[in-house]
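First chain A sits with chain B, and in the next complex the same chain sits with chain C.
Let's turn to the complex of A and B:
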């Protein structure tokens, strides 16, 4: 019997999923190392959700369409890369994509074929989109999953970097995720690459680039 | 709205340069058979609430166009009669195959209460490249600044190279976007891979973006990045030193008086 798409959404959002998410801080460690006060983390997460989060969510939605229609994902990867100018952020996303792809090789072997025309390490949103297509996850759930996973990763890292009340972290995740609710319907219904959101976060990009060069870090990005 | 147009095509003995005065007045500074150097000044009071500014730049195959702003620009507070009416600034650039655009833009200052929507589209044909300086300052001295929505889209003959939508409001700084910085000074190089400068981001396609985020314009190291990258893009074409100067008397063309100016 097949697991329900809902169960698979829960699985993909679970921090215990062995896909390498534990090595990422979703930009939080770069921000804190650059001197951003911990008190700014909630605002940082809201800003990240509406910028990087929406870029990735829109990319994942299109990747899901491409996998369902068996069409090439190369233009989607290029559109995502054009919206992700920081190489450090692109590399972090490819690390996560590689981890998800390794996992999906065991669970959904057909996912690899949807990504065949891409580089060896497709970025996270493309792999998530392909998994969503094969596992029956709908576009709106995929948008929420893409953003939630990134936010949960950020807060899990925050608790290691600046230990505090975990319940406060949970509240931050929920607040950031609910801040993008007004955009979920629009992003989940895009059908072509030029509609992928392109909201930019210049300061976070600069922090990530600097972080990639430092040896004093716990997380990859 | 009259479109400001700057177009250059290679020609002998000198390149053909079309200059159309719109909200901006382009003035020819010099040219050779395949290069042109054009200065841009405001043809009238800019940038007021509700203004629609459209600029078209067309760089012919194997030509180099060097554009230089003569003064920075302040986007002023929208008028009381239409407080929500934004100023719109649209730039459409085409760089032909093997062409080069170098645009050393001066700062756009978004004053308190101003609302600016800026849309920049740059299309590079095969072998085309561009180096653009882009500086945003939120607010004049002592102000927190207005609202800017800026859409940048750069493509080459195979697809997108860089897409960036920046949505900022000086009254509501966001950590990770610009934080508390008032100045975003950037140099964007596309169509070639420039030498990496400290802090510059290498794009997935040929190109790079260097940025400075800070409080004061004069602290920005982007002048040096601009000099290095624009020189790299310029190399390979005849140097501008052989440009033929144009007499000052033939240049002045106030807004509305002589809307079309074409230099053979």
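Let's turn to the complex of A and C:
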């Protein structure tokens, strides 16, 4: 019996999935270290969801298509990199992708073949897209999963970084995820690389670059 | 179990509470073995890359062979529940400096419950120190109870903190049901030589394929010390046979060095 695609979605969204996510903060630690007030975290999350979140979601959708059609993902990775100007953020995404891919090797060995033409550390959205293709996850679920995973990661990190009510964190995740609902249909239906949203977040990227150079940090990025 | 590849080193974990001397123990191992073995080190720091910098500055290995990974404020998770970051770092180190003989992985200082997953390390050392209190060894826990080696560190401090090292070692031996315990001080050459011999013996059994990674597990044997029945009469022996077949060839000497204070 194959697990339901819905179950796989839940699995991939679970922060306890052993793929290295616990060492990431989705840009929250870089922002707080740079002096962003904690009160701004909800706005930070909404901004991240509609910028890097949409870039990643669109990339994942295309990666899913490429895996289903057995075509190369290299142009998709280039399109993603062009929309992710911060090296620190690209490296963090590649760490996450490599961790996911390593886990996939045990659970979905065929996922690797979809990413064969890429480096050993493909970015997170490409690996998510390849897993979605092999596990039967639809494009809209993939978009929501890509954003949710990033937001949940941010809030889990926030609770380690700042005192706060964990329930408030849950509310923040839901608020940020629902803020991109109007874009879900459009992003999940893209079919070529030039349609990947190109919204970047220069301040957050600068914070991430600075964070990568500090020696006092809890999280990778 | 860790995947075996042609360049696969022995992966040796070093865990234990904060401040018990994990970094120092790794520096000691490197110092005593760097001439004959190809070594790499991964540190799991909590707030900084302090441990990696300490080891680099100790000059015991090329700085490039010492890497730090972030643990997301959760050192326990990084060595047990989600070992991805450490596995990737170990694989990278083994690839970049192939072939390596031993990769030492230092956990972030945590509490008594933190032990390495057998999917990450082949063997693990749990480190306590006399300054943490002579009763800690009696408290048990998976690391104290079932790590491949329990080190009671900083024995040179025992007179200053009022700890009876032979008693602490005896308590540990009981809690461990006879598994190896080493009373260590980096200023005591005999104890350092024993540590070195232990690492070499584990490496040897790893290479022969006879070493099987143990999992200390989340549950531990629990031992209640009965002060009505003092064990001050504990007699250590250098020929003690330990009921752990995987380490039958390891030197399982249980030493006390209370008589070698410098």
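Here is the rule we use: the second predicted complex is superposed on the first by the 221 of 221 C-alpha atoms of A that agree within 3 Å, B and C clash if a C-alpha of one lies under 4 Å from a C-alpha of the other, contacts with A are read in each partner's own complex, and residues count from 1 in each chain.
Simple rule for what comes next: contacts are C-beta pairs under 8 Å (C-beta built on N, C-alpha and C of every residue); 3 or more make two chains touch, one makes a residue touch a chain.
What you are looking at is a predicted structure, and each value in this text was computed from that prediction instead of being measured.
**Student:** Could you classify chain B and chain C on chain A, in the superposed arrangement, as clash or fit?
**Tutor:** Overlaying the two structures gives chain B and chain C room side by side.
**Student:** Does chain B (first) or chain C (second) touch A:201, or do both, or does neither?
**Tutor:** It touches chain B, and chain C stays clear.
**Student:** Going by the contact rule set out at the top, does A:219 touch chain B (first), chain C (second), both, or neither?
**Tutor:** second
**Student:** Based on the superposed arrangement, let me know which partner A:95 touches: chain B (first), chain C (second), both, or neither?
**Tutor:** second
**Student:** For the overlaid complexes, name the partner, chain B or chain C, with more touching residues on chain A.
**Tutor:** Higher number of touched chain A residues: B.
**Student:** Touch check for A:123: first (chain B), second (chain C), both, or neither?
**Tutor:** neither
**Student:** Of the partners chain B and chain C, which touch A:58 in the superposed model: first, second, both, neither?
**Tutor:** Neither partner.
**Student:** With chain A at the apex, figure out the C-alpha centre angle toward chain B and chain C and round it to a multiple of 10 degrees.
**Tutor:** 120
**Student:** Once the shared chain is lined up, is A:160 touching chain B (first), chain C (second), both, or neither of them?
**Tutor:** second
**Student:** Touching A:21 in the superposition: chain B (first), chain C (second), both, neither?
**Tutor:** second
**Student:** What's the minimum Cα gap, in whole angstrom, linking chain B and chain C in the superposed view?
**Tutor:** Value for chain B versus chain C, nearest C-alpha atoms: 21 Å.
**Student:** Overlap of the chain B and chain C footprints on chain A, residue-wise?
**Tutor:** In chain A, nothing is touched by chain B and also by chain C.
**Student:** Can you list the chain A residues touching chain C in their complex?
**Tutor:** 16-25, 95, 98-99, 102-103, 157, 160-161, 215-220
**Student:** Quick check on the complex: what are the chain C residues that touch chain A?
**Tutor:** 46-50, 53, 69-74, 77-78, 81-85, 87-88
**Student:** Please output the residues of chain A touching chain B within their complex, sorted ascending.
**Tutor:** 27, 31, 36, 40, 43-44, 46-48, 51, 75, 78-79, 81-87, 90, 193-194, 197-207, 209-210
**Student:** Which residues, counting only chain B, touch chain A once they are in their complex?
**Tutor:** Those residues of chain B that touch chain A are 151, 153-154, 158-167, 174-179, 181, 184, 199, 201-205, 209, 211, 213.
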